[in-house]
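Here chain A shows up in two complexes: once beside chain B, once beside chain C.
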Partner chain A sequence: MTEYKMFEGCTIGNRIPFIEAATRRVFEKLGVETSEAPFSCCPDPTGFKSFDDDGWLAMGARNLCIAEEEGKDIISLCNGCTNTLRGVQHKLKHDSLKKEKINSELSKIGKSYKGSVDVKHFVDVLRHNVGLDKIKSAISKPLEGLKVACHPGCHYMRPHEWMETDDDPMRPKTLRELVAATGATVVDYEEEVICCGSAVSNAYEEIGMQNLKRKLDGVMKAGADILVVNCPACFQQFDTNQRTLSKEFEAKYNIPVLYITELYALAMGVSPDDIGLKYHRTRLRDIEPLGL
Partner chain B sequence: MTEEKTIESNQLDHSLRYEISEKVGAKSLLKCIQCGVCSSGCTVSEYIDLQPHRVVASLLLGLKDIILESNAIWTCSLCHRCTERCPKGVDYSFILALLRNIASKEGKIPIEYSSTVETISENGFVVPYTGRMKNTINRRREKMGLPEVSSPDLDEINYILKETGLGNLMKKSKEDED
Partner chain C sequence: MVMDFEFRKQVMDYHQGSEVIKYCYQCSRCTDNCPVSYVTDEFYSVKYNPRYNILNALLGYKDKIFSADPLAIWGCTVCDTCDEVCPQKIELTEVFTLLKNQSIANGDGPDFIYQQAKTVIENGKAIPMQSAIERRRQQMGLPDIMAPNADELQSLMSNMGIDKKLK
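Entry: the complex of A and B
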């Protein structure tokens, strides 16, 4: 199978490495091969792009150059990183003057962007390159009886022109299919495709918290046991801010949050200790079908 | 209630619409029909003082100050729902990012945003990886059998920051702190 350059991103690598641990275990079991490279910040598609579009393109292209030097595609564990790297790729492919300008900057640090490698979000690799059949056969502890609300996030599938996934940009189904492969039941809730509020909180925390509240109210109303995500920024928003939200609104928000690869690791029989499940802020132990 | 205010035509910035629309991918701005589909699908619509379709209308009129002072500029998470929904193919989220570029150039940028450039300059990452936090994370990584975080080339990163005008932003955020 193809070897990818691992782009874990700075939130996972530098703050919540337990997600990287779970992901590497799952990749190993499913035969997804990866290797490291000295990538920098992607840089993030909500902040950095806002300051200077050319700076964002040049920084992103520099990362793509590093993968190009080895002739390997990138596998990203983060919605934001995927969005930036695919966005930069798309823009430079369709704007030759801009590509020339960015390359003249990059030439001064000895780099040149060609456009010869691709960038994949890991859920697309799991869904299409590995496939549901292989995933199902790797599951040794099916999660029957577990009710899961999915949160795919915004930057994984939009704008569709950059992301070029087979998924529906307004009602993505990849995460739902990946969750269902564990034997768990995916529950519907009205706010599934709405933003978690993480990037809103950068400058307007109270509005970001309103978004979070709206999401979690929907998840709780749907009777979900846990919330499953495929983006570290969303993970942080859900996992760390529920306590603050509970205080602010004098209500009890305590929905456990799992990354899809953590859910897979558990369903594939990996020990919770090996993937640092104790570092979660929300409490997972009471969820019976997880068998913790 | 919105306060009524008269603006003379000589106070309008007539070049603003072209400053944005000349960028590759932003020309569709000129096709906006003010249907409001962007605003009806926006997840922060109810909290902002200028909804997406009104930002576009103001932009086409040249009401630069009103736009840049609105909380609509820095509340957006660039979720791109507006862009996907627009029946005329107007890429509002890109237009908003370009408006932020203009605001940044004029120094009208929240410190929470501008300070991240400095963090990237020092770390190579927007999520800092230094000091005591680095030790804790390294310990956890080692325990879970993870490889060390590869260090990016800071000279290369700082060259790009300086050359693309982001250096000014760093200076600005330092001044704000002092």
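Entry: the complex of A and C
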């Protein structure tokens, strides 16, 4: 299989590396090969892009240049990084004047953007390059009886012109298929494609919390045991803020949150200690099919 | 209300396919599907309203946009839902990016955005590495993260004058 350049991103690499640990274990078991590169911040499509769009394009293009120098596609572990790198690619492909401008800036630091490498979200690599059959055969501890709510997150599939996934941007199914491959049951809830509230929290925390509440109310109403995500910003929003939310609204929010690769690592027989599950803020309750 | 034609032209030029934004017929699918409008809706008064932003941008009502409560711009959570549901294929989030960029240049953006941009430009990462996390990575058998060339990145940003927007 192709070797990808690993883009773990600032949040996973430098704040919650236990998610990277689980992901690398799963990649190892499924034969996804990666190598490192000196990437900078992507930079993120909600903060830095809002600060300066041209700066966002230039910094993103510089990261793409680094992968181009090695002629390898990028695998991203984060929705935001994937969204930025694919968005930069899309804009420079369809706006030749902008591409000229960015390239003239890049030439001053000895770089040139061509548009020759692809950027893949790891969820798409698992679903389409590895495939469900191979995943199913790697699962040694099926999670039958576990009820899972999925949250793919906005920047995995929107805007669809950038992301070019096979998924419907308002009715995504890839994460659901990946979860179902473990034997777990995917539950429906109305708020599945709604934002977790992470980005708006940077300016208006109370609005972010109201978004979070709306999501979690839906997840609880659906009777889910856990919530599965594939974005570190969403993961942090759900995992770290439930305690605050419980205090603010005098209710009990304690839905365990797992990254899809953490769920896979457990279903593939990896020990919870090896992937740092103890670093989760919302405690993983004694849910039987998980065998914790 | 004064129409600022220069601002109006900036909005048109910013949108890929500058004519497209004129096709907005104010149907309100954007606001109806916006998660922030949903939670800031108080009895027929929506505090964050993407439909108004597009209308005001389209009409060149610059003062109306930038003299309002910053929530009118910064309430956007960048979920790109409005882009997907718009029947006229207007890239609303891109227009909102232009509004945010101008708000930043005016010095009116949220503190977090300035702080984060400063961290990114200074360190090459939005979250600088800490020794505790480095140790944790080693304990879990993770490879060291290759440091980005922050000097090169700073040159790129200062050549473009982006660091001048920092506070």
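One rule holds for everything that comes next: the second predicted complex is superposed on the first by the 291 of 292 C-alpha atoms of A that agree within 3 Å, B and C clash if a C-alpha of one lies under 4 Å from a C-alpha of the other, contacts with A are read in each partner's own complex, and residues count from 1 in each chain.
In this section, contacts are C-beta pairs under 8 Å (C-beta built on N, C-alpha and C of every residue); 3 or more make two chains touch, one makes a residue touch a chain.
What you see is a predicted model; the values in this text were computed from it and never measured.
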After the match on chain A, would you call chain B and chain C a fit or a clash? clash
Would you sort A:72 into first (chain B), second (chain C), both or neither based on which partner it touches? neither
First, second, both or neither for A:48, with chain B first and chain C second: both
Under the stated touch criterion, which partner chain does A:120 make contact with: chain B (first), chain C (second), both, or neither? neither
By the touch definition at the top of the document, which applies to A:29: first (chain B), second (chain C), both, or neither? neither
Chain B versus chain C as contact partner of A:58, first or second or both or neither: both
Where on chain A do chain B and chain C both make contact? 10-11, 13-15, 17-18, 20-21, 24, 36-41, 43-55, 58-59, 62, 94-95, 105, 108-109, 154-155, 158-160, 169-170, 194-195, 197-200, 202-204, 207, 210-211, 274-276
Inside the complex, what are the residues of chain A that reach chain C? 8, 10-11, 13-15, 17-18, 20-21, 24, 36-41, 43-55, 58-59, 62, 94-95, 105-106, 108-109, 154-155, 158-160, 169-170, 193-195, 197-200, 202-204, 207-208, 210-211, 214, 274-276
Chain A partner, complex, touching residues on chain C are 16, 35-36, 38-40, 48, 70-71, 74-81, 83-85, 91, 93, 97-98, 100-101, 104, 109-110, 112-114, 116-117, 120, 124-130, 133, 136-137, 140-143, 145-150, 152-153, 155-157, 159-160, 162, 165
List of chain A residues in touch with chain B within their complex: 10-11, 13-15, 17-18, 20-21, 24, 36-41, 43-55, 58-59, 62, 91, 94-95, 97-98, 105, 108-109, 111, 154-155, 158-160, 169-170, 194-195, 197-200, 202-204, 207, 210-211, 274-276, 279
Can you check the complex and tell me which residues of chain B touch chain A? 23-25, 43-44, 47, 71, 74-81, 83-85, 91, 93, 97-98, 100-101, 104, 109-110, 112-114, 116-117, 120, 123-129, 133-134, 137, 140-141, 143-147, 149-153, 155-157, 159-161, 163-166, 169
